[in-house]
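Below, chain A partners chain B and then partners chain C, in two separate complexes.
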Partner chain A sequence: MTDLATDLAVELRGVSKKYRYFTLDNIHLKLPRGQIMGLIGANGAGKSTTIRILMGLVHQDSGEARVLGHSMPAEQVAAKWDIGFASEDMRLYDSMTLGWHMSFIQSIYSTWDSAYAHLLLKRFGLRADQKIKGLSHGQRVKAALLLVLARKPKLLVLDEPTTGLDPVARHEILRELTNVMADDSRSILFSSHNTQDVEQISDQITFIDRGRIIDSMDKEAYLDRWRRLRLEVPLGIELPALPGIIGVEQQGRLAVATANAFVPDLAQAYESTGAHVQRVENMTLEEIFIANVEHSREEVEA
Partner chain B sequence: MHGGFTFSQSDKRPIYLQIMEQIKQRIAVGDWAEGQPIPSIRQLAVDLHVSVITVKRAYYELEREGIIVTQHGKGSHVASTPGLGTRLNEQELEQHLEQATRIAAQLGMRPKELEDRLREAGDRLAEKDLI
Partner chain C sequence: MRGSMIRHLILKDWRLNRMPISLSIVLGLIALLVAQCGVEAVRLLGSVWFFISLCVLGSMLPGVAIVNERKKQTLAFVMSLPVSSVQYTIAKGLSILAMFLFPWLTLLISALVVIETRDDIPHGVIPMLIILAMLPLIGFCIMSAAALVGESEGWLMVASVLCNSSYWFAWYLLARMPSLAANWGRPVAVWNPAAFMVLSSEVGSIALIMAITFFFQSRKRDFI
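Now for the complex of A and B:
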């Protein structure tokens, strides 16, 4: 593909939406085709609103949303053939069986893959003759996911697909999501507050807090920017403020500095002040999430 | 499938480093032979249920270390360097020796004492028939 615009599965540019008590403010994000993006944020951060805007379910006040080349919400009818959307409040008919739902979706979407649907039934431990009302929460989530996965859409948009699931069900779902990536023309955007899930399967990560995007970038590059430096600080030595360090906690002679723009020179800069760098540690996405949210809230409030 | 790769959340290292290490182990023990084709980045990501970008990072670093070779459009293979497996084993030995030397220095141990301790460790393993 030569056209850059068509290489993006999702693109939001300057998207804003104002509610009485909440504002989604100037959202920019890009998801290249063939990749998975994890949208991370606390409850109420704006993840679901962002997802609803790119699905055309909520209309933004300003800014541009393009999904698989379609402008949203104007072209949502055309776009939806290629998008599979699942969220917790997705309604299935309680008195109908899962098999009935499968035939129903199959009758609408020509891309339905029956063999794959039956494979998913087995992998998810579900039965086609089960009525929806008899399903547990985890089974319901898996049933809803089966119904979108078997359509083989070009883009999967999943709002909290692993929330409230037991560890086995979570792994089953993460496995199926990564299996989708065998086809490099397909893409996934999912939201989660489970940072482990996002760290494991995402190519791109987007942090959202209080309606604003804090960071949105390539996961490996992102993880690589963050480090924790454990320092031994002799009495009488004062640690300098260094660029790239967002916080230092010191107790007695031991200090921990958190870097969000780590370069090896930072460790040398501390050494040259007389402090001793004991260890430089990588951080998990969970640790980064917490440090980042606290730091960005301090900046906003400052 | 490429079974046997396992990632641990209690392992503090990022996943790409864990993938690198496990590929090196496969080469060191001879399961992945010199010159042998290895899975594509996307295939290994699907098999391991991790993101493509993470496997890409691992392959990139392994290529920089001269352990694998990626040819555009042709996929990746283990470098055809004779004795690559042995070299990886030696690298691992070097790392362990450096680590031991560092700890010995912290304990204020002289090199001669460390040598003796190494010999003793060898004797203990020999008794247990482990080497």
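Now for the complex of A and C:
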């Protein structure tokens, strides 16, 4: 067994998958055990394809995918005993009750925790005797999550778990995911295009766009490294291209520079050219994501 | 791990599809009762109803048990369980085959009992009854294969139209085979080489359809 199998919950090495109108291109991804990774991308960025490859549901054309030490898709059966998977487009059987689904999952997994399942029923405001077709979208998502959580998987893989949920339901789900991490041997990989959700609970963040990973690092590193500098530029002064600045938008005498590797020296470097640094602002994860995507697309097109 | 995943999936399918199976058995048995009637026209109606029940069941089950799983997006739930695409295909194949065979055998055995207990129906029709009853079973296998491999309602509909429109033609041809038709009126069932050849061809067709299905399923790279 390699080091991949022991330390990492998920590792993708050079994974590619080509479709007629979309290519997932040379994906490298590492999720250490005990961590939460948020996979952020716009619709059609490749989040679901990446997750399906991780689950063995789609076979990559090239590259290596390992999950909990198992090579995917070859060892998907062994891996899936320890993976809890839920996706936004996954449905339960409409004509059956939640209780029936709970019994079905319990009959399969010896790790099923009935007490925890009943606790989750209460926390999520669900009834075991209710048929799935009578549940709202939010209740269906919670029901699917209950089925996944109560069997205590080592890795949770969630594809857009909070999409379409109201703020209360989103909060309940994110709180439960945070509770899961009380056990440090467990890991979560979840995709979303909602950066607030990802920012709230993730340790690591990966941005994906047009089938390519454009950035992946610790959440704190993102928030530390990305800054927006608001500048006043006197007439006749031209702003230099500085390392760590990925874009400058100028309108008249006012300019905004976006830094992806901010150090205080950058502000001094602008001051030394004659520009005046009005403010250095922190960026939200959403702003970082958008700036990152735009920069990446410009690089690709250039 | 609690038991085989294939067993779990088969039991799940059976629980989910209890209603259509029960309904088809009830309809088939009503058809057999109607066929018991002394009036020739009503008896004919009952026999036709009996075969139609098998044909309807054969068309309906692949749609309900296979295509609906994709259409209603429950396949992702099943595939999130520790099961591979080949195991899923084995489980699905066995479960729907059993779902079809249960009413098919019930109806066939009931029909044989009727023939056995009624003096006015010659036992010579038994080989033909079994040969003809095999056709909906073959059709069911073709439609299930189309649903599994084609993964869409469209392919199932094409297979369903082709099969359901071919039954009557196939029955017509078989009924006109002199070596089979000559023995219908005999008081005992005659299993001549022609009857064996047709029956073994039917069984061989089923085996071939299954082999082709597993071949294509095992080569699939994208399952969802």
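Brief remarks follow.
The working rule: the second predicted complex is superposed on the first by the 296 of 302 C-alpha atoms of A that agree within 3 Å, B and C clash if a C-alpha of one lies under 4 Å from a C-alpha of the other, contacts with A are read in each partner's own complex, and residues count from 1 in each chain.
In this section, a contact is a pair of C-beta atoms (placed from the backbone, for glycine too) under 8 Å apart; a residue touches a chain by one contact, two chains touch by 3 or more.
Keep in mind it's a predicted model, so treat the numbers as computed, not measured.
By the touch criterion defined above, A:Leu31 lies against neither chain B nor chain C after alignment on the C-alpha atoms of chain A.
Residue contacts after overlaying the shared chain place A:Arg52 against chain C, while chain B stays out of touching range. In the superposition on chain A, A:Ala182 contacts chain B only, with no contact to chain C. Of the two partner chains placed around the shared chain by superposition, chain B is the only one that A:Ser202 touches, whereas chain C remains out of contact. Legend: residue contacts after superposition of the two complexes on their common chain; A:Leu92 is shown touching chain C, with no touch to chain B. With both structures placed on the common chain, the touch criterion links A:Leu231 to neither chain B nor chain C. Of the two partners chain B and chain C, more residues of chain A are touched by C. With the contact threshold set out at the top, not one residue of chain A is in contact with chain B in one structure and with chain C in the other. Chain A meets chain B in the complex at residues 34-36, 174-175, 178-179, 181-182, 184, 196, 199-204, 218-220, 223, 281-282. Contact residues of chain A toward chain C in the complex are 52, 55-59, 73, 76-78, 80-81, 83-87, 89-96, 100, 104, 107-110, 144, 148. Contact residues of chain B toward chain A in the complex are 9, 12-16, 42-43, 45-46, 49-54, 56-57. Within the complex formed with chain A, the residues of chain C that make contact are 1-3, 5, 8, 12, 15-16, 72-74, 76-77, 79-84, 87, 221-224.
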